[in-house]
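So that you can tell them apart, the chains are marked A, B and C in the order they are listed, and the count of residues begins at 1 in each.
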Amino acid sequence: MTHNKSYTLQEIADFLDVELIGDPQCEILGLGTLNGAGTGQLSFLSNPSYADQLSGCKASAIIIGDQFVDKCPGNKLLSASPYVSFAKATSLFATSITDDARGLVHPSASIHDSVVLGKGVSVAANVVIEANVTIADNSTIGAACYIGESSQLGKNSKLYSGVTIYNKVCIGDNSIIHSGTVIGADGFGFAFDGEASVKIHQLGGVVIGDDVEIGANTTIDRGAIEDTIIGDGVKMDNQVQIAHNVKIGDHTMLCGCAGVGGSTVIGKYCIIGGGVGVIGHLNIVDKVHVGALSCVNQSIAEPGIYASGTMLQKNALWKRNAVRFAQLDSISKRLKEIEKSTDNK
Amino acid sequence: MTHNKSYTLQEIADFLDVELIGDPQCEILGLGTLNGAGTGQLSFLSNPSYADQLSGCKASAIIIGDQFVDKCPGNKLLSASPYVSFAKATSLFATSITDDARGLVHPSASIHDSVVLGKGVSVAANVVIEANVTIADNSTIGAACYIGESSQLGKNSKLYSGVTIYNKVCIGDNSIIHSGTVIGADGFGFAFDGEASVKIHQLGGVVIGDDVEIGANTTIDRGAIEDTIIGDGVKMDNQVQIAHNVKIGDHTMLCGCAGVGGSTVIGKYCIIGGGVGVIGHLNIVDKVHVGALSCVNQSIAEPGIYASGTMLQKNALWKRNAVRFAQLDSISKRLKEIEKSTDNK
Amino acid sequence: MTHNKSYTLQEIADFLDVELIGDPQCEILGLGTLNGAGTGQLSFLSNPSYADQLSGCKASAIIIGDQFVDKCPGNKLLSASPYVSFAKATSLFATSITDDARGLVHPSASIHDSVVLGKGVSVAANVVIEANVTIADNSTIGAACYIGESSQLGKNSKLYSGVTIYNKVCIGDNSIIHSGTVIGADGFGFAFDGEASVKIHQLGGVVIGDDVEIGANTTIDRGAIEDTIIGDGVKMDNQVQIAHNVKIGDHTMLCGCAGVGGSTVIGKYCIIGGGVGVIGHLNIVDKVHVGALSCVNQSIAEPGIYASGTMLQKNALWKRNAVRFAQLDSISKRLKEIEKSTDNK
């Protein structure tokens, strides 16, 4: 799919609000990496360790920081934050929401009479929307999405095909939800009566803020009594699992396959690494960064970087060490004994 | 979505079969937590550590155990198991299966002529049901579900929208399956011929008992030759993965993102924590509880609580310790040497 | 679902190209395990530790290696690789692609006028195919699949129901993709501007080779600028997550719930165990085998078997050892001190 979009370098500089050094009429047809870009493409240098690729880069222009002006021979855009400028530039070449069939409702969609669709709302084939749903202006609903009773979607939001929204879910403006994601399924709540598990019907809902993006095949459960709450600007990757009554603070990011247990509260501006598991009923303050595949099994009261786990090793060595791990408390006690007997402590 | 349901406290006491102390005509419109409940709501005290919230609770009535009668000033329901009573009470305020369009088959559903639908079976929009499927009385099939050839669904069961059931899958009565779940996809079986992987076609099926609930985006594979088997009363959370030929005993619970490798047998009344991985070809007895994110890499012959992994730490400290883990066998041997040389052992 | 397929043992021997000892007219109606097989079934012995089950096996014939001829009383097929021969035999009893309604396009499918369907392509109910898609000969598209603009699917491929393919995804010949899998969703890319995350629109695509099988509810993201690339013969299990710009070498296998971070390159003939997490920007050479639930947090330059993590233990003991893990660097240093003071090193 060629996007057939073309800009002059000056147009891009104006859009990014950055200084241009070089030919303002230079034609930009797309983006490329320092290594991969060719004529007609705009590249960028964000990580200084790639600076030595500047001289050989075949891009027609490069977004760089001030400090690299001398090392960059051709056209350049000077940015205080090249990575942010690059991010903004990607929007120029994306298939934007406005490219969708704005305002069309496919005849195969099943939409209850009580549903309120705003101006410019698009609804694709085989969508099902239940009673009392409201969808605000300029949102697009991809093929085969399901939206349950009394749920709400803000304006300028986009559900890719195959998203499932249960009843009583409220999603804000400018949100993007990728395919296969399920929001509002029952939280995992049962009371054991001695013989079997009695279902605790999940009566709460889900409230999701503005500017949220949620990846593919992610699941966010509805609350047991009160709501599960996702703040503004939160970004979730694919296959994230959010249990009932979790609260995620504004602008927190959850990487692929992360999972958060029931009733846990995560602060603002946190980064939860890929595959991390956070157990239930914890409190995590703002600005906590948890390394990939860690197990968060205690509340975190201080901002900072945290991790758990062990290093990858060759299997034979790992096995020996893993066996010793099972003796670690004993090893520690034996060391203490020796320290005593040798007056070493 | 307001459920518009209202009961007198006496009606609820009768339904729960518990003793009422207070005003039998008190009107209950919903449920609330001790902290969050207001007038018209019923709350409960299960965890004794919240007992100090009793005095300030604004609920119209509270379900409590005998021992807290004196600390609870208003209307109360006395239960030997307040949590179980609360669980039962949630069913009074849930959107029950009977609220669905009982017995309606949406005109957009594609149902093979040979399909047998019981009395009161509902089939929503865009459902596809293949040849020789049978669905027993009063079950409901949500929008866009797919049910493959010769599969069976018991009575009073509910598939939420977007569930995929492959062919030759048998599901019992009173089951609930949430959106995005896939049951009966091929197990991951290949024989390596020295150059490439030769597919082992998966010829078994899946057999799931009664009273089973399965969360969203969970996957349960069909067996290679014989069937994958899920017992009665099993509860699975979201994003659980069950490989081919696994057997899960009755009433076992699998929390979010747990995974079970091929041919592993798990007993009855187990609790497999969130994110736990159980490798293949193991045997786990009844009443085993595995802590969150543990790796079960050996069979378990004794009931009890098990775990693996390390504690979360600040990253800098974790890194130092993780490096030492890679030296653990050596550390242990050096300790042994010193013990010998110092006659400490 | 009975498959109603029947072969003589001679037909099977010819198909597998192996030597037959016994009755060539013996009728084979299906396959069974050594323990479970009965009359009319063909079984196999691959793992020598099951050899003692040969004598009691009730199968009508058994696929075995030369060395077990004497221990196997009845009809047998002699194979240099019994497991590979068994794998091939499963194809005789599978519901093959050719059993599908070859060449039929369901009237409820929404197919853009510009789509090119090869000969014998089947499209099931409620499928949506966008502009400029091409699907090569003899491929089948299951119910409710979605295929985005300009994507391509090779010949003899099969999408089970409910697969989502975004735009600009290219999939090779002889591929199988199971239900709920999403290919081509946006990679997880954002640039933080000090206040919020700026979306990096994902402009790359996904390129998947021939003979690839992908399990259920797996996700493979599109590249940021360049493509995400999956080699020929790659096999992925359920709930695998592949981030943007990952490259997976030919014939590599990824077991259930494995995840690979952005821009990581994995070689050929690797086996990535269940639940393994590989962080981003790593290089892993050919023929690496990573044990289940390991965290790969560094590049791997040598073929071999690798692992991380600790052994499962009873919870009380685990807790004590896990606490000691947090002291491991200190333990190591104290040991060093004693070694010095006792002249042990």
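Keep in mind that, in the parts below, contacts are C-beta pairs under 8 Å (C-beta built on N, C-alpha and C of every residue); 3 or more make two chains touch, one makes a residue touch a chain.
Not measured: the values here are computed from a predicted model.
S.K.: Quick one: superpose chain A on chain C by CA and send over the rotation angle as a multiple of 5°.
M.R.: Angle of the fitting rotation, chain A to chain C: 120 degrees.
S.K.: If more than half of the interface residue numbers appear on both sides, call it same; otherwise different. Which is it for chain A and chain B?
M.R.: On the two sides of the chain B and chain A interface, the residue numbers are mostly different, under half being shared.
S.K.: Just the number, please: Cα centre separation of chain A and chain B in whole Å.
M.R.: 26
S.K.: Going through chain B residue by residue, note those that touch at least 2 other chains and give them in order.
M.R.: Expected reply: 108, 126, 144, 162, 180, 217, 239, 257, 309-311, 313, 323, 325, 327-328, 331, 335, 338, 342.
S.K.: For the complex, give me every residue of chain A touching chain B.
M.R.: Residues 108, 110, 126, 128, 132, 144, 146, 149-150, 162, 164, 166-168, 180, 182, 185-186, 188-193, 195-203, 205, 217, 219, 221, 225-226, 239, 241, 243, 257, 259, 261, 277, 279, 290-291, 294-298, 300, 304-311, 313, 317, 320-321, 323-325, 327-328, 331, 334-335, 337-338, 341-342 of chain A touch chain B in their complex.
S.K.: In the complex, go through chain A and note every residue touching chain C.
M.R.: 1, 3, 30-33, 36, 81, 83-84, 86-88, 90-91, 93-95, 106, 108, 124-126, 142-144, 160-162, 176, 178-180, 211, 213, 215-217, 233, 235, 237-239, 251, 253, 255-257, 274-275, 292-293, 309-316, 318-319, 322-323, 325-329, 331-332, 335, 338-339, 342, 344-345
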